[in-house]
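Have a look at these structures, which come just after this line.
What follows is a pair of complexes built around chain A, which joins chain B in one and chain C in the other.
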Partner chain A sequence: MPAADGMVVFTASDKVKARRKATMEFITLNHPVDCGICDKAGECTLQDYHFEYNGGASVSRDAKTHATKHFDLSDRIVLDNERCIQCTRCVRFTREISKSNGLGMLDRGDHSIVRPSADGSFAKDAYSDNVIDLCPVGALLAKDFLHKARVWYLKATPSVCPGCERGCGVNLWHRKDEWMLRSPRQAARNDGLDRVTPIENPAVNGPWVCNKARDLPKLLGRVRAAGALFKGAPAPLEAAVLEARALIAEAKRPVAVVSSWASNEELAAFKAALGGRLALVAKRDHEPQPGEVVQDDLLIRADKNPNAAGVRAVLGECGTEVPKDADLVLVWGEGFDFRAVPASAKIVFLNAFLAPENGHADVFLPVSIQTERSGHYTNFAGVTSRFERCFALPPGVLHAEDLFGSLVGNGRGA
Partner chain B sequence: MPGRQLIMDFEVTPTSHTLADYKARGGYETLVKALGMAPADITKEVTASGLLGHGGAAFPVGRKWGVMKPNPGEIHYLCANADEGEPGTFKDRWILEHAPHLLVESMLITSYALGVRHAFVYIRGEFDLPCRRIQGAVDEAYAAGLLGKPVPGSDFTLDIVVYRGAGSYVCGEASGLITSIEGRKPYPRNRPPRLTVKGLFQKPTVINNVESLANITGIIRMGAEEFRKVGTAKSPGTQLISISGHIAKPGVYEVEYGYSWAKFLDEDCGGMLHGAKMKCVVPGGISTKVLTRPEIENLTLSHESVNPAGSGLGSGGMIVIAEGTCMVRLLQVLLRFYHHESCGQCTPCREGMGWMHRIIDRIVAGEGLPEDIERLYAISHANDGTTICGMGDAAGFATVGILNKFRDEFEYWIANKRSKMDGRLECRA
Partner chain C sequence: MRHLIPEFERMKERFPEGFDSSLVLPCLHRIQADRGYVAEEDIVGLCEYLSVPRIQVEEVLSYYTMLRREGIGKTHLQVCRNIACSMRGAEGVIEHACKRLGVKPGETTADGKFTLSTVECLGSCGTAPVLMVNDAYHENMTLEKLDALIADLSAGGGNS
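Coming up: the complex of A and B.
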């Protein structure tokens, strides 16, 4: 019944309390209560409501009903029908939000189960992972996060998804300091992201994010560039910075290819240090990958970079191609085709990840990634969002923001 | 014959369901009369007749119609609810098999009154002959020019679609029924909005039981005043009662409201099977509470007489149970049905029906616990008013009705691991 003026609703009368307690008893009647091995434990609303509204042991003396325990909904999501409490939120999500109609309820009564539609539309749903958050219990779980960590070992750092120019608010989950893994075999996991969940922001993404945001741990967890290089040979970081500074100082017609994954702070530092000295070219670091949804009506945008609008706002309109007469090109970030550089020009390359191109540059400098710094991105609609630092800066790596100041000067010695 | 007959007022012959025979006994003459009246006057006449719905809830038909305001620009729908699924009830089947044209004529009149141009007959999937008969009648009416194009002598047009259900108890619930017509799982809907405001395809929809609709032609033909002379002041007209169980002459009877219940059982239905003694009777479908023989001795078959006894005439599905029948086994059959038919939308019904079924199965297996009886009560109470449709409540009523009156049989089975009544459901000679 919809709310109306003057309506009085009793939410704590004895009758309401008794019915609520009984309904909790019904919901847990056939629930396996295998919280000890369930990824949802700790953030499960069924656990919370049980303690809030019932709290007692089961009064049933009968065996629980059984259903499929491990059903592959897609290559991303696994379904446990015994934990499912048939709330049908996931079914409604695919019907009302993602519009893939990928899930439905099969059969009826206490043997009804969630199943994907026969046409496989759920596996193609670019927003499918939102049903994991929507699920009030541990019936829908991410295969990437399955049995990875208890949620109370993790902390959420607010951030912005760099997957496209929408700039959805996300929480990046990583291990708390007091729960760091000690064994050498597992220690590498301490510095990685465990999972990504959306931050509700009506101005940008509402309560949803697409599957690309869920895959950020893979995107940001790629192998990093370990140290500076001179024409492919390892070099001390300080010497490499001085060499880059000398190359820029000597150049007659230097050009900078600017990253659209740079934060507004980094862009401002770049402009203050080098903005007047170099001609500017804007770069799209990432292009749509084969099979990726390019653009849709819900969230996904065609420009797969988070801060193209920030580049325009801080640096103004930039060129799109490297001038033919350039004698030095400073390339900042991934996704640049080095064939566009004139053959005689020197190359200074700033990149975070290990790539074959790193060795082609005259000077290569490793820089930090988003999770190692804080800053702001401006999305396509002009909304600026802040992201926070998750991890410390690894040794041998520089923040681009700090680096630009050291690139101003004249000659090698000074 | 239990009182005057309004619907079963003709002799059933191999051709009595056809258009020719129906016209020969005055069929479709009332339609001509109705088309000469203003639509609002038909609704007024039906309201004045005091006709009560025959689907089970006995909701006044006129009041349901009154909510729908015919608006020439808007689409309205009419659905005849022929999804007769209540165990023990088979009276609509009689109308569909033997008087399908009475339903078609009544739907034409109702549609004219309510501004409907598109009507449905939602028929239970298990019905075979009734489905062929009503489809045959609709086809005949199309061929005769009564449907599909303006009715001769007026500009009123109606289309009737016979929609066959896929077999589910919940489809008989009005909002579940229209969801099923829309092509989805028949989950009942929360109200408000009422279906007469937002129903089928989000348009105002009137859903009436087949028997309720079948009465419309008679009301318009004889007038509300004449109709009210049949039956009692509070329950005008007649009710089709489908009687089954341990009774000598089971079948469908048309009973005038106010007729003596005992006389109906003992004389019209030929008394108990094999001369047995009567233990109790389910008055109107298994969702109504059972009444024992002493309780019904002085009652008449009318809502104002049966309701104060703590039960109701419901859908008219009367089941007579003889002395010696095991009520534990009876409740087991009943709960198996409810468990099987719960749609699974609301938690108390989805989980509660299965739980009650498992408890009664355990009792019958000789593994019952003394606390089980209280548990059955508690589950029934927890279903009361907590579900979207009435199915959870109905199962609770039926269970509580049997437990209240025959608790000793349950206690006996739990204590002695066997039935007090030899576990029989049949009545032997």
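Coming up: the complex of A and C.
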């Protein structure tokens, strides 16, 4: 009977509940119920519905049927065919959304089994990890997150993927305060991201993100620059800030190379403090990597930086090359080719990660990363999104937003 | 499969426009009739010809027990293992056939004479258990009838 105006539908009558119970009984007939070792436990709809509508053990007198448990679906995802309830959501995702046609349901009846296409198209699907969220059960799991944490040990902090100028909404998952790991061997994981999931935002990314967002724990988890440096030699932070200030004050033609990973707040602070004093060059901190999808029709954009539009909006049109006569270059962020700096020019470098270039600068200052502050990025379409702080600022590291004010003034005095 | 494309073109005319993927099944049947099985190059060629993704052809091949990826023996014994036949003794028939031929379901005898397969409902549940010898039905199968059938076929007794 099709739905019609004025129709009354009972969705929670005793009859409906009995049918749901029976359906749950059928779906769990051969389900392994290995929730205890399943990463989906705690956010599994099969668990939730079973709890709500059935709650009983399997009524089958026959032994449960078995299927492959650790099938390598790709180098990112493992498939547990015993947990699969054959809803085909994952298959449909690769047909209708990512269009890789990477997955299929082979065989039939209770032999039906999800398998990747023999042409390897699933492994190349730049959106493949969305099937992990789509899967109602723990049949599709991320290798990077496998057995890393129960989901209730984690909290989700709303953020923005910095992987390209789309700026997809993401939840960054990290350990709750009450579930911090105590053993020294594991404690480093407390300050790292465990996984990334999409935040649905129709104006930006719909319900999806690309695999690059899933790899943010690695990108943001790289070894950090731990302290200030004078030409590679460790220096006290305050002294380094004063030295940078003096170099800027003494320069006749200072230039700033601005980060397109900076937040709008950082850009505004930079403009207020130094905008009138330095010539501006806009930098792409990240370029497409070999093998990476450069641009497509779904989400992925060619500019692999989150806030190039913010740089334009706050600072106006900037130059693209460091002028030949510059005598001081303030470089903000990664991805700069230092060969572009005139030989006699001084270098002040602000970077978050450990890199050989850090030691070449006259003054190096370690700065915070996105997960240590909150702020906004503006994407290519002009949509501004907010990201929240996940972690405390590590010792010895500065927020660029706070730093710029201290770079204004005369000479080395206080 | 390329030499079959003119035939496929004529099949295409019977389908509404934009439904080329519906041709996967009839094309696979035709390919198998031609070669005896569906080879890797057939799959690649068919995907290209119909512009269908590879996985769609793999799904069809794995769903239908009558489609094969490998060649078979001269005589194909297909025993139904579905519910009506199972209730009327198909499991015994399969076991007996395995013993008599010395192969497991899906295998071919060393002399290349017999291939034994188990298949889903053959649509003849009223005369269960049923098996097919190549294209012919043999109904109300018993172990005695099976013995006689295999003896007859081994002696070169035709295709029925």
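Criterion: the second predicted complex is superposed on the first by the 410 of 414 C-alpha atoms of A that agree within 3 Å, B and C clash if a C-alpha of one lies under 4 Å from a C-alpha of the other, contacts with A are read in each partner's own complex, and residues count from 1 in each chain.
Going forward, contacts are C-beta pairs under 8 Å (C-beta built on N, C-alpha and C of every residue); 3 or more make two chains touch, one makes a residue touch a chain.
Here the structure is a predicted model, which means the values were calculated and not measured.
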Taking chain A as the common reference, can chain B and chain C both be placed on it without clashing, or not? Answer clash or fit.
clash
Would you sort A:86 into first (chain B), second (chain C), both or neither based on which partner it touches?
first
Chain B versus chain C as contact partner of A:105, first or second or both or neither:
both
In the superposed model, which partner reaches more residues of chain A, chain B or chain C?
B
Is A:2 contacted by the first partner chain B, the second partner chain C, both or neither?
first
Could you say whether A:118 touches chain B, chain C, both of them, or neither, answering first, second, both or neither?
second
With both complexes superposed on chain A, which partner does A:23 reach: first (chain B), second (chain C), both or neither?
first
Please work out whether A:61 is in contact with chain B alone, chain C alone, both, or neither, and reply first, second, both or neither.
first
Looking at 187-195, 331-339 or 421-429, which bit of chain B clashes with chain C?
331-339
Taking the contacts chain A makes with chain B in one complex and with chain C in the other, which residues are shared?
104-105, 107-109
Can you list the residues on chain B that touch chain A in the complex?
168, 170, 185, 190-192, 339-344, 347-348, 350-355, 358-359, 362, 369, 371-372, 375, 378, 381-382, 385-386
Over in the complex, which chain A residues touch chain C? Could you list them?
95, 101-109, 115-119, 121
Give every residue of chain A touching chain B within the complex, in rising order.
1-2, 18-19, 22-23, 25-27, 29-30, 59-63, 65, 85-86, 104-105, 107-110, 112
In their shared complex, at which residues does chain C touch chain A?
53-56, 58-59, 62-63, 120
